[in-house]
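Both complexes shown next keep subunit A, but they swap its partner, so subunit B is in the first and subunit C is in the second.
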Partner chain A sequence: MNLGRFILNRLGQIVITLFIITTFLFLLFRMMPGDPTSMILDPKMPPEAKELIRKEFGLDKPLMVQYLYYLKNTLTGNFGKSFYYPETVLEIVKRKLPPTILLFTTAVILSYLIGLPLGKTIAWRRGSRLEMGATVFGLFFYTVFIPWFGLIAIWVFSYRLGWFPIGGMLTPEVWAADVGLFPKIWDVLYHLILPLSVLTLLFFAGSMLLMRNSMLETLREDYILTARAKGLPERVIKNRHAARNAMLPVVTALTLSLAFSLNGGVLTETIFSWPGLGKALVEAVLNHDYPLAQAAFLLLAILVLFANLLADILYAYLDPRIKY
Partner chain B sequence: MSLLEVKNLRMCYQTSQGLIKAVDGVSFEVKKGEALGLVGESGCGKSTIALSIMRLLPPNGRLLGGEILFADEDLLTKDEEEMRKMRGRRISLIFQAALNALNPVHRVGDQIIEAIQAHERMGKEEALRRVEELYRLVGLDPGMMGSFPHQYSGGMKQRAIIALALSCNPELLIADEPTTALDVIIQDQIIKEILKLQKEFNLTLIYISHDISLIAETCSSIGIMYAGKLVEYAPTIALFQSPLHPYTQGLLSSYPSIKGPKRRISPIPGEVPNLLHPPSGCRFHPRCPRAKEICGKEEPKYRRIKEDHYIACHCVNNSAL
Partner chain C sequence: MGRFKENFNLFRKNRLGMTGLFILLFFLLLVILGPILPRIDEMYRPMTGVDKEILWSTPPSRAHLLGTDFMGRDILSQLAHGARIAFMVGISAALASVLIGTLVGLVAGYFGRLTDTLLMRLTDILLTLPSLPLIIIIAAALGKQSLWIIVGIIGLIGWPSTARVIRAQTLSLKERPFIEAARVSGASNFRIITRHIAPNILPLSFLYMTFGVTGAILAEAGLSFLGLGDPSVVSWGMMLQWCFTTGHTFRAPYWVLPPGLSISLVTFAFYLIGRALDEIINPRLRER
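Moving on to the complex of A and B:
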């Protein structure tokens, strides 16, 4: 089977999976306790007004009819209006996505840029002090609780030392003023550094340990002994034979991490007052904001499914044994 | 003149349970152009000797003493970079279980070119031609050079590994069970190939196997190993005509002979000793049909008993010959 056929097949699977997930999401939110309209409806409203609002959102229709509407709208990319915010769901996502990418996706990329070479090096120098230190360091950050570490970072660097702002993504005054692009970019960077550093530290531990373990496994392979017996220089054995092969499982993890990063993280966003998607999503669930929650979960599902597809394609590209 | 001389080599593996003395006082020499076979049951230290010569022991391997003289230079005193320049260029190793010996993500031809270029300043074109030549030499289609290892059959992989081992015209080739992973017919072809190449290039060969009948076909002299020690060493014909050590005798009678007269196959009773706590005295004495009192107490000396015939056994004395 060639790559084109493989991708088509997988796309078909993705469509079916998405349909199932969409249905599941629809049912899930309807089965949750609590009335969504209670958020928008004031108990003091006259019953006719309540009825009008229910009608506006289509909540008076039977469940099956609601479901069909919902399917049709989802298919046409119409995710409806938020129950909670005075915006459409798409507008909210468009507003929240760039900050999320700026913080979370950047953190994932940075953490892999640091984690992979370091993981490679410490696996190669197994048993050295560097390896012990980096592994303990990595395990610490791998297991540390984000809010705890984030709050300490804010307390030390923002509150005591005053190097960084306490939270937020930008200073409204700077962005309102007519100061040109550079001060504005600088303002965002200034807000970004602390949360980005904290997240990168936390994520990097994972990628470093993953690379280390994968590399240790590769180093036990017969072809590494062959490479030594050939008289290759150490550097070539490390890079062309060990690290190149150790990258295979890491690529899958990286693609999935990138997909998940677009979803943000509620705890990080709360602590750093970062206007990302993660918090919006959790609030949407708590507020019975069906349209927003459904759309956000669907977005996540789509991302993960496509990331998997991408990982498979990359894997086939990197590993000649795999053919589709 | 001997190309390789191993003198009283002793090495062990460090494990959580203690030291495994995998090679304990082994001495032998290989003359230029000669083929030496090393035989012994699984776990007796054959591969450990091969890896010691290449200085490629795993991290828990420790050299305890001895010398390995290659062309009159002691390999054990060389530094890592000097050793690297020896590997693949002057001494090649085809190691055991070699079916995964090629990296799955690189083309086989490239993996051989890489070995050539690690030792010789040679352009890609010239190296390619050399690999083509090597492929023909070992009976592979040069058209397969651009393929990946998984596209090769087991026998083809082994041929490619032989081509790789010969790519820099080494003086010494160590083949550690080069055919165990292959079926019998391919096994036979590969052995013939190695023999042909050995004669053609006047290669010095150390051939390691647990199969003494295979070694007999291949090698001019044979070393018999038991539990980390060399117990007998002799020219092949002498060894087959008059094996002296009880273990060698047992080993020879445990293999059926197709050509020779019919005889009963009698495997040696008992088990290979644990090298963590090897038996005292002669390590073979618990299984030896001729064990005497002294055998459990004193270690027999490895000594020359006839021209080119060495043995370590209390029960054989010069007068008995």
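Moving on to the complex of A and C:
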């Protein structure tokens, strides 16, 4: 099988997964005690008015018909109207998607850029102080309670030192003014630095420790011994022979860490008022705005699934032995 | 017993594992001493109006070692109570997900074929989904928040990684001669699974439980912090939420620092212990 077939195959799997998720969401929200209208309607409303609204939302139809409508609407991106905002849900999530992608991808890439070389070094210098220090430091942040750590970071760097903004992604004045593209990009970067640093600090340990373990296994291989016997310089053995091969399992594990970093992403967005999907999900749930909550969740799921696909393609690119 | 001693000696040599154990013992002490702390009954009782000195959140004093919250409630006793909740939530949710994961892994690995394919597909889907948003959306759909419902949701979401490892282990165990011998001597599937395979994979399940505790405590704290927790339970996440929503974050370090640090330290400790056990169970990770 060639790469094109492989991607098609994976896309098929993504579609099936999404189908299962949407069905699950439908069942989940229909399982609720009472029907969905009871959440948004004033209980004192006359029954006729209630009936009218039920009709408008299609809730008078049988469950199966509702389900088919639901599938069709989801497929066409028609997530309905928000219970809370005057816009349609699609308009809202469209606006929330880019900030999440920006924060999420930069954090994942940066944490791998830091984690992989560090993991390589501490495996090479096993038992050193550096290994102990990096492991303890990394693991502490790996298990730290993110909202709390974020708050402390804002307190120290924004509130006390005034280096960064308290939250948000843009300064409205900068974006309203006619200043050209560069100041605008700089403005976003200025807002991005703190949440990005927090997220990176939280995740680099994952890739670092994976790389360390993988590197330790690789260093036991016979071809390392051969390289040593040939008298190759240690640096060449470390970088060319060991690290390259050790990287493969780490890239595979990328798939799992993506979902994990989105967990952190939701909390980080909320703390830093980053206008992304995670924050939208939390706020929608607190506002009982279920259409928006479902759409935000669905989009987060799609984001992870496609990121996984990318990781798989990357894997195929890195390891020429892999044939699909 | 001899094996336990041998393993414990291995564990003792692991400095990080021992650090985790000591952190855990400290918080266990807090759990045990909690009810005896003199001011525990003031956890819920607002002191504003009772004590003339305390009108709102106050910094640490001799009467309240860690200060009081916005209603004048003692923070130290809340912290002790939060420790109990954290252990309860962490251990019960992790137990639930490890039980499910072990069962799924055993069944999928042992029976193979369609059972295996279906169960593993489900596992993979759950594994790729971000768990916190999933927990949030299920909690939202269920409406009323109670601590045990939240524990149940966390337990129901957290099993896939265990299932995968247990399945792999079952697959390799299944081919060993002693299983063959059991089958030839007429043992039923049920007997083979429960008597011959399960005992061999239980250490692995136990290992995954320590990691599960970390995830469960963080998830509950996250939900509580976001305002989706059980409002009638004083958990560490809830303490932080009160502090955050009443606008004390930047004004009351004595209130922000303890609960967050406690969450982080307890989850850190469980993770360190898990890693130390991992090195004992998987000797490949040990230093040669």
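The criterion applied here is as follows: the second predicted complex is superposed on the first by the 220 of 324 C-alpha atoms of A that agree within 3 Å, B and C clash if a C-alpha of one lies under 4 Å from a C-alpha of the other, contacts with A are read in each partner's own complex, and residues count from 1 in each chain.
The rule we apply is simple: contacts are C-beta pairs under 8 Å (C-beta built on N, C-alpha and C of every residue); 3 or more make two chains touch, one makes a residue touch a chain.
Bear in mind that the values here come from a model prediction, so they are computed numbers and not experimental data.
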(message) On the A-aligned overlay, A:Ala280 touches which partner chain: subunit B = first, subunit C = second, or both, or neither?
(response) neither
(message) Is A:Thr143 touching anything from subunit B or subunit C once the two structures are fitted on A? First, second, both or neither.
(response) second
(request) Using the touch definition from the top, say if A:Ala123 reaches subunit B (first), subunit C (second), both or neither. (result) neither
(message) A:Ala205 in the overlay: touching subunit B, subunit C, both, or neither? Say first, second, both or neither.
(response) neither
(request) Would you check which partner chain A:Leu28 touches, where first means subunit B only, second means subunit C only, and both and neither mean what they say? (result) second
(message) According to the stated criteria, A:Gln294 is in contact with first (subunit B), second (subunit C), both, or neither; which is it?
(response) second
(request) Tell me which partner A:Leu196 touches in the superposition: subunit B (first), subunit C (second), both or neither. (result) neither
(request) Quick one: name whichever of subunit B and subunit C touches more residues of subunit A. (result) C
(request) Identify the partner contact of A:Ala246: answer first if only subunit B is touched, second if only subunit C is, both if each is, neither if none is. (result) neither
(message) Quick check on my understanding: which residues of subunit A belong to both its subunit B contact set and its subunit C contact set?
(response) 126-127
(message) Touching residues of subunit A toward subunit B in the complex: what are they?
(response) 126-127, 221-223, 225-234, 236, 240-241, 244-245, 318-321
(request) Please give the residue numbers of subunit A that touch subunit C in the complex, ascending. (result) 17, 20-21, 25, 28-29, 31-33, 126-127, 132, 135-136, 139-140, 142-149, 151-152, 155, 159, 213, 216-217, 255-256, 258-260, 262-263, 265-267, 270, 278, 281-282, 285-286, 290, 293-294, 296-297, 300-301, 304-305, 308
(request) Write out the stretch or stretches of subunit B touching subunit A in their complex. (result) 54, 56, 59, 84-89, 92-93, 95, 97-106, 114-115, 118-119, 148, 150, 161, 164
(message) Under the stated contact criterion, what part of subunit C meets subunit A in this complex?
(response) 15-16, 125, 127-134, 136-143, 161, 214, 218, 221-222, 225-228, 236-237, 240, 244, 249-250, 256-257, 259-261, 263-264, 267-268, 270-272, 275, 284-285, 287
